[in-house]
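The structure is given below, and queries will be raised subsequently.
The letters A, B, C, D, E and F name the chains in turn, as written, and every chain counts its residues from 1.
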């Protein structure tokens, strides 16, 4: 853990690949919250057309959350971050896989699992911003 | 101002039109921050290809910020909100027009102007969430 | 009503935010016509996969119609228009909300309601073009 | 020409592939008008950032016009139409190639050439609708 | 058939309309394979949410395959190709119509029919590349 | 290296997250080839509008290549693959970063560097498919 306190300064690039320097895991969190909220509403309304709409929109929101995490992994986090946080590759990979699982499920627990992974990534993100 | 404290409870719908109930003006703010950051970087780097890339990406980020504001205006805010905040239509309209202006400018002041409008919308948003 | 005849000349900007000067509410109308036509076909064919496809495509067409109306509201209509037509903000807001309602319904009456709003916007649009 | 008057009735499908039955070449025309209008504005404003923005937006509008023509060619026009109008394949192919040429040019004549092709397609379209 | 051996050299343009010169029917094939694979999985799993997700994703993959074929037809193939291969217009048109049919069906035979058309286009494509 | 020969059988999921089981690194390769081809053409044509168009299109193709690699990383490769190929996380991360670098450069060497990474991923991919 100590190594993270002395993590080398890292030139940050941005979510738009210019880079503009603006990143925020909140983008992934907001979309994943929408996935879980949709799963909760699906449990309370079994009308066919509502279930179809909810599934369509859950696919879109989960895909957006995956995209925001992909951008953090490919554009924000740099080799020094991966050295300071050896678990980071696997953590982000499990987070995007949890979102795929939430696409395929109506169980809000799957949405929550994705949110839990995103919270861990968020914690590392802000540690690296302060480093 | 008093009327806002007694604004009628409003059934909230979500940024995904299901509705899932999840809204957050942070989505517009993050993209508008990217617009302003790009404008600042354009002032510091006059390489042609950097200027082209920056202009392309600034168009995308500003368009995303406009979309997030459109969603708040069409899906989150309801008639009771517009009654409690008579300035709300004009405020959101000026905010999306400020983002159009920021698309057409390299001056970070235009990016900041859009952020200022978004901050006002954000304030109203959270007041209505607590109402 | 008289004020509209003497509405000040307004510099028009375009649906592409350059601006190129080309706007046409027909874009919103064509997509909303598709929404209503899909609702009518859904009443005549209860095959599950047809209902799923119809719901998916209705979401897309209604979202496109909302986008075209958002562009008119944010890019074409200017402050002088909103002064000449004080009902314009609310009219466009009700139109995009009617399209959200048509997303959530298989009843062609909801599609027609959105088309009726678009027709009112279309009338104002061409009045301002002639002003 | 006579054969077209007695063209067999053709089951029409729609621009959304459901099919919903709603097609209109106006969608391609509006976007191609925007391409030509942008080319005209590019001749009147040689500011670098305006030229970059105009080129970016012209690419988008021309691509949308190509898409609308592709949809008419693949989803609306049927074999009986191609028999009644043997020139139709080549006409649509030349129209989309004219839009590619307009992407690569700032000369409004290229935009007009695409509009001329679209007008020919529009004429055939409405003839088949009346057939 | 002989005429194809002496087909005139054709200036090739690219799938990105610059043109960059890079085309490959494999892009259409991979997406059409996905359509057929989804149809096969739909036959083996009648869970409602799986059927909804499968239908949603099949629409997307089939639409991408149609797009890749449209690009070959509008950007890669040139008038000399259409002269050397008089059946080419109709072949590509039937291929995109077969993909529309596969959108509307859960029968893998419809996915295979689209793949068969794409294989014929692929054969002509590589012949023209060697010409 | 021996461990890869005895890599455990892995349930493969697809590029469309259903999963449909269809993956192919060729999708990333074709787009990265387009990036390099555009860089080569940019060296041969210094017309401003060509340079703008080329930069715009290079951004799109590179972003598509990044997306295809993200999908392989998040949806195709599973934990057992990452155990058999400990370098895989870093390899894919370097590949998407190489594509970001190619976005920001007109030097075809940067396009080639991305293609070299994709070739390594392609090799591992087909090994896992045979495992």
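The definition used in the following text is that contacts are C-beta pairs under 8 Å (C-beta built on N, C-alpha and C of every residue); 3 or more make two chains touch, one makes a residue touch a chain.
As the structure is a computational prediction, the values presented were derived from the model and not from experiment.
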Item checked: Interchain contact steps from subunit B to subunit D (minimum; 1 if touching) -> 1
Next item on the list: List every chain that touches both subunit B and subunit F.
Entry: A, D
Margin query: Looking only at residue numbers at the subunit D/subunit E interface, is the share used by both copies over half or under half? Answer same or different.
Written below: same
Notebook entry, point to check: What is the size of the turn, to the nearest 5°, that moves the C-alpha atoms of subunit E onto the matching ones in subunit F?
Noted result: 180
Check: What whole-number Å value describes the gap between the mean CA coordinates of subunit A and subunit B?
Finding: 22
Next item on the list: Go ahead and note the Å separation of the Cα centroids belonging to subunit A and subunit E.
Entry: 34
Item checked: For subunit B paired with subunit C, centre-to-centre distance based on mean C-alpha positions, whole Å -> 21
Next item on the list: Specify, in ascending order, the residues of subunit D that touch 2 or more different other chains.
Entry: 17, 52-53, 56-57, 59, 103
Next item on the list: Take each protein chain as a node, join two nodes whenever their chains touch, and name the resulting shape: line, ring, star, complete or other.
Entry: other
Check: Can you list every touching chain pair?
Finding: A-B, A-C, A-E, A-F, B-C, B-D, B-F, C-D, C-E, D-E, D-F, E-F
Checklist line | Parts of subunit E lying in touch with subunit A, wherever the complex brings them together | finding: 48-50, 52-53, 56-57
Next item on the list: Would you tell me which residues of subunit E are touching subunit C in their complex?
Entry: 51-52, 55-56, 59, 103-104, 106
Checklist line | Complex contacts: residues of subunit B adjacent to subunit A | finding: 14-18, 20-22, 24, 26-27, 30, 33-34, 37-38, 41, 53-54, 57, 60-61
Check: So in the complex, which bits of subunit D are touching subunit E?
Finding: 13, 17, 59, 63, 66-67, 70, 73-75, 82, 89-90, 93, 96-97, 100, 103
